[in-house]
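Order of writing sets the labels: A, B, C and D. Residues in every chain begin at 1.
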Amino acid sequence: MAECHPVGFQWIMEAKARGATLIHVDPRLTRTGALADLHVPIRAGTDIALLGGLINYVLSNGLEFRDYVVAYTNAATILREDFQDTEDLDGLFSGWQDDTGSYQTDSWQYEGTGVASAAGKRQQGAKEQSHRRHATGRGHEHGSHGASLQGLHRMERDETLQHPRCVFQVLKRHYGRYTPEMVARVCGIPEDVFLQMARAITENSNRDRTTAWAYSVGWTQHTVGVQYIRAASVLQLLLGNIGRPGGGILALRGHASIQGSTDIPTLYNLLPGYLPMPHPDSHGSLDEYVADDSADTGYWGNMRSYAVSLLKAYWGDAATADNDFCFDYLPRITGDHSTYKTVQAQLDGVCKGYFLNGQNPAVGSANAKAQRLGMANLDWLVVRDFSLIESATWWKDGPEVESGEMRPEGVGTEVFFLPAAAHTEKDGSFTSTQRMLQWHHKAVDPPGDARSDLWFWFHLGRIIRAKLAGSTSDIDRPLLDLTWGYSTHGERDEPSAQEVLQEINGWTADGAFLSSYEELKDDGSTACGCWIYCGTYADGTNQAARRKPHTEQNWVAPEWGWAWPANRRLLYNRASADPEGRPWSEKKAYVWWDADAGTWTGHDVPDFQPTKAPDYRPPEGAKRQDALSGIDPFIMQADGKGWLYVPAGLTDGPLPAHYEPQESPVPNLLYGQQHNPARQMTKRGVDRYNPSGDEPGSQVFPYALTTYRLTEHHTAGGMSRWLPYLSELQPEMFCEVSPELADEAGLQHLGWATIVTARSAIEARVLVTDRMLPMRVHDRLVHHVGLPYHWGSNGISTGDGANELTHLSLDPNVHIQEAKALTCDIRPGRRPRGPERLRLVEDYRRRAGVTDQTGTAHRTTKEGGA
Amino acid sequence: MSASEQHGSEVRRDGLHGTAPGREARIGARGGRKAGRGGEMVPPAEFRSYYGRSVLKAPVWESRDIAGYFFLGGVAGGSALLAAGADLTGRIGLRRSTRVAAVAATGLSLAALIHDLGRPGRFVHMLRVLKPSSPMSVGTWILSGFAPLVAVAALDEARERLPGPVRPMIAALGRPSGLAATVLAPAVTTYTGALIADTAVPVWHDARRELPYLFGASALAASGGLAAATSAPGEAAPARVVGIAGALVEQACDRAVHKRLGMVAEPLSQGRAGRYLTAARWSTRAGAALLALSALRRSRALDIAGGTALVAGSLFARLGYFHAGATSATEPRYTVVPQRERADHAAKTGAGG
Amino acid sequence: MGLRETFLPWPALRQAKAALRGGDGSGRGSSARSRPTDRLQPRTETSDRVVDSVCPYCAVGCGQLVYVKDEKVVQIEGDPASPVSRGRLCPKGAATKQLVTNPLRETKVRYRRPYATQWEDLDLDTAMDMIADRVIATRRDTFVETDEQDRRVRRTMGIAMLGGATLDNEENYLIKKLGTALGAVQIENQARI
Amino acid sequence: MSDDNPPRMGFFTDTSVCIGCKACEVACKEWNAIPDDGLSLLGMSYDNTGMLGADTWRHVAFIEQDKPLGRQNNAVIAMPTGATATHASAEAVHEGLGQKHGSELGTETGAIRPGPLPGGPMPAPVTPDGRKELRWLMASDVCKHCTHAACLDVCPTGSLLRTEFGTVIVQEDICNGCGYCVPACPYGVIDQRKDDGRVWKCTMCYDRLTAGQEPACAKACPTDSIQYGVLDDLRERAAHRVENLHDAGVLEARLYGADPDDGVGGAGAFFLLLDEPEVYGFPPDPVVTTRDLPRTWKHTALAAVGVAATVAAAFLGARR
């Protein structure tokens, strides 16, 4: 956090000044670790083993926050009899299908609920089909909500938590093998260090105290990335650390509006506000779409209002009840169309045109070579950035040109480079990592041809619409009916960002601005571009532009910017009070029930229906939020509970289990199953994998490799490698190794090293540092090679890109690459130039016996197949 | 222990309690290990430094300019004194050569000084203030007074070639100017010693007691040698005496520096500085011996050889001290070791810094 | 800078006066000041306007103040009013002025023809027109009503977009809106990476 | 200085909360429009700046040590470690950099010995007596704005001066680049910018101070490691801070430059350090050189008299 979010780190210091303990878990001692109380060195890619160890420590010592767990989580819920755990199947859950390489998830359901009980609501077949789909690559489609649950009232609970099939007992059994000794053997964390960490966390988690976890892509960029976060969720729910001040699991996101890019998604599987993109199998109409994805209970039950309002925002008057509000205008997704699939579509010649808006995949995306080869197969490419980044110039000076694999004269891609405007040159809002929208005002005009992306996309749409005007083709209707009348101003005809924000906020039929998503209607009388952002233009004022100084309001600072939803700063904050609505401790009071006033009150906007009393119990047949009781704080979930166990919505298991990364120097000690069986692989020549564990050839790539950022640079470098003031602080690519690895591999401080994987070979200057530690893992010693990934060949600070080495084995839920834990070899000296570089990699592949099939087996245990 | 540290902060219904600013964060306080081991410092066998980087900045001066400026200033001051003596004692030849030497050396030394400035055009800014705390400021003012005086005295030597109207004026001012210059001349020879002594450069600062004498003596050796070499043997006696006396005192001072400075004197005997100073020593000794011989034999050749050797010796000495200073500034041990000893001693005796 | 600026009133005289009357007689304080020093003012004071902004680097969302003079950004620093950052910035945030005023920024449209070895210049309007043509053509060529399994999909797999996460919400909104109307589904973002 | 001056302002740099982010370096450069000083990987941990100089007015030092930090548990003692790299790395850095200093630092890292080829004998990487500790110190260095400032004392043009805030600044319109201040500074702070000729150093953002604003570095510092304020207040706060850290088990915390009785009369910018000053590149016991100047002047005068007397004697003697 001190490395990549230094200004956020001031709050860690603030917490430390108030007596907090700071624990830093990382393979390297970073600038965070330098100031931590406890540094826990961990082998990259083993955090679930650590978190599982902590969960086991909590459960086996009875340290859970029992009242919280019973009331607010699904610990008491009983699971189906046919559910089988990794304990039973050597690392697989029940439902594994060898033929599809994925899980059938029926058996993961709660007892009494789920697929079978959905009859009568709609065609059973469609639901089943859809469910299968959910399990085979649609995990992310659920967006912000858990999957729907049918027959909630038939759900069985045992609040004594004794039933052998209740979630609590299943958890206990599942994590029973994650002992401190096992953590030490898998993660390389010495037992006493683990126990110190476990004590610190559990002693600090009770009625009076809370513990927070902060993570970043060190947890997400794995083939089991989603399960990393899930494991933290399980631990935090058990300890009562969710929805309470000082608790939580905080995603430290790395880009100014990366949260906004998810909320108002430029993601293939989502529409604004985490509405799923429709799928042809079960979304033939708006009704089917809503029926399939909306939950009966919880706030997600209002999905139709959100969807209809979005369609009204998109297509305005053209969207009517008669034409299903233009639902049919929406394109459908039929599987994974994520960015790495797009690269494959480019290689296959399917995808022909590509827009890069301030993105540099030739440096920043995994397997950079595949990215460039994909781009070389396009008809046209539009790059919008501040300078000529590697993704704009690969055709003339990329690594493939150097190696002779590519000649400019042989590349048919037509490339447009359009200079982009900076944030000071346009109005607009960023959504920060705490879900807060902050408006930035335009200060000056952009220079030369530089324009905002708002300008580019607005005018591109305008020109396209003009060129198509009069078209009678059915496929052009979505374009021509689109509401696209934003006003423009100034010499450059800059469209009004304010008007776009107004559309996002939404309005009623008579043009009044909405102030809350609770006002959204499903009859077409409201339009709203993103339901969770509804209220950001409440009262006709730009709430995101509010800047009341923090010194003039309380520490929650509700009048600075605007946080979704409904300006809540702490989600699920109903959980900060006990079931009766009193703070769990008067020392941790955040939101509480004011019985006299008959309303929830507190320091923040209560994340609950304001007048729903703690003793409210839903009547039979209640729907949506009304189906949740006064003690159900997790209002987006169908059962209102925090999910220790996920009965639906994940593709790779209802509980996190430790699997080794795609490439690991060791076999999985916990199970016979080596990898996440459901992980997504590319399986093509451009993306080969190193052998793992004890596979033959694995010793050719004996070292663990991890990638990261530095304080002084920004991701793929487009905003830092062209800046002298930042470049001089970290002037070139380097790798970090321990003195022990330096000795073993013959590396010299400040000398050169070549790092090799089955994909490529790069060179880097060597920093030999005590901050890297060898680890005793299993029966062997594991060394890490640390690589910052900022560099490429352009700009004033240059070097080889770490992403030349990374691969395209992905998390199956969200399709994120595993860039944080790989294997490699490292040798002294610079890498060979030109075609020799390819030969070196080829030689490594030959020695390791790498083929297209290496590392691609889904199931490696003999158990659990079907 | 602060209240917040003891009890932790609280979020009560009425707001936050027990907060403290982040700058009071107690780093590493809760790691659970025995405290203070980082404080149990075993005195390291070697001195410590930041990656062997220098603590000080070495002078940015060019050795040719600044060592040359010291040397030429010495020649100028000494020559002016010799010129006055020659004038008063009627040694016309000696007077002529020393007056010319004085003005030439003054001019060149000023040129060297200005040349070394980062902004030569701003030389005149030196005359904005007069700062007793700055030997360079004091020296500049001295030189500013000195230069016109030796210039007039020198013009007096070329009086026949001057245009008519100024001739009588120069003739009248020649001697008074030359004599007036002797008021400033001794300071011209020694202030440069104070100038480099008044820095943080270990060799220079530590030798602050000897440097004015050393530089003054070196000036005498150089100017005496130069005068002896450039005047008739019959008139050169005082020049020889000055040269020899300067040489002897310079040697004595140099020896005293080596002895008193201890390890900080190392750069004086190592590397380029060591080579210059060895050359200076032999050259100066040879020059003194040759002039002494000439004092007995009155040999023009011996005067030229001995005088030149003294001039060279003086120049080498300035270069030697210049480079030794630079080295002592660059090598952190000459800064750290004596200061560490001093600090440790002060800590032991409980004395303040 | 003339001598008048640096010499008058002559500091040495001021020194002398000060020595007599009390004050900076040593030439190390007020008597050595030059006129430009007396006139010094921070450019945060002399700017024409101050614009509220937000740091464009990571997602902490530090408040920034952008100082503008003569329609140029002359300084960017932290906004002390922000409850997030309290006026502080990291090295990247502190380098924001260099980011937006960097002479190394590209300000002209560049165009590379298929199989060409060099860039060419291109007029912005022409470029927009050409891009619009490419989008229309590719879309028309690749738009399908149904997929190979005869499912109604109404989409094009021929056009993809990948955005950085420094895009504003409003920009993302237009990208998704236009992209969706075009029938493009491969609309992706750094958020996935 | 007259009575209506504002109180003396200063920096307290508390290195115990420094996270080495270098925001101070960048904020300083942005505000003062200082040129970059070259791109080279120095290998001094994460320090690629090297030291203060004409183009670096804030410099963050990074020191990796095989030593513990207070009660911090870095787990190293329980890890299968071999010998520490800190000394060997420092050696390699020193070898590569040679005698380069100041503004030269930004240019090149010098020749680095190429490593041995693989295939040779492998030294045992892990030994029972391997490294047991680890701490990573970071510290942002800056001009000390000494009470008795040698740079200011020796400046012959009056370019350097003490402001009404008690800080020391260079007047860029006056400096003629004589370079005297450079070796005069006991901390090696001020330096000449080669292509410009003048000397430059931290001004504590004098222009900002005149408008009541805090210096750019202190404003940016994310963790308040750099604190700006009335010097007396800062000294008080710092003394309290040291006590607090000692309480917390960080017994090695000590102040540097806070003592008004030290060799420079106390620094206007002082530090809380976790090791001896020289480890960070500071002089252990700096003294303002002009403290000794009066005596030196006496010797100079005596020497001048000697010179005059020698010449006089030579002529008097020769007359005989």
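Just so it is clear, a residue touches a chain if its C-beta (ideal position, glycine included) is under 8 Å from a C-beta of that chain, and two chains touch if they have at least 3 such contacts.
What you see is a predicted model; the values in this text were computed from it and never measured.
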Centroid-based (C-alpha) most distant chain relative to chain A: B
Euclidean distance of C-alpha centroids - chain A vs chain C, Å: 27
CA centroid of chain A to CA centroid of chain D, Å: 43
Centre-to-centre distance between chain B and chain A (centres being mean Cα positions), rounded to whole Å: 67
Distance from the mean Cα position of chain C to that of chain B, given in whole angstrom: 51
Touching two or more other chains - residues of chain B: 21-32, 125, 128-129, 131-133, 137
Shared-contact residues (touching 2 or more other chains) in chain A: 6-7, 10, 13, 35-38, 196, 555, 711-712, 724-726, 729, 796
Junction residues of chain D, two or more chains touched: 17, 21-23, 25-26, 30, 71-74, 93, 135, 153, 158-159, 174, 222-224
Topology of the chain contact graph, where touching chains are joined (line, ring, star, complete, other): complete
Partner chain D, residues of chain C touching it in the complex: 1, 5-6, 11, 23-24, 27-34, 36-37, 40-45, 75-78, 87-95, 97-98
Chain D partner contacts - residues on chain B that touch it in the complex: 1-2, 21-39, 41, 47-61, 77-78, 81-82, 85-86, 88-89, 116-123, 125-126, 128-129, 131-137, 140, 182, 185-187, 189-191, 193-195, 197-201, 204-205, 208-209, 211-213, 215-217, 219-220, 224, 237-239, 241-242, 245-246, 249, 325, 329-330, 332, 335-336, 339-340, 342-343, 346, 352-353
Of chain C, residues touching chain A in the complex: 49, 51-64, 66, 68, 71-73, 76, 79-86, 88-93, 95-96, 98-100, 102, 104-119, 122, 124, 127-136, 138-143, 145, 147, 149, 151-193
Chain D residues touching chain A - in the complex, by the definition given at the top: 17, 19-23, 25-26, 29-30, 35-41, 43, 45-46, 48-49, 64, 66, 71-76, 78-86, 88-89, 92-93, 96, 106, 109, 112-118, 120, 122-123, 125-126, 130-131, 134-138, 222-224
Contact footprint of chain A on chain B as seen in their complex: 4-13, 15-16, 18-32
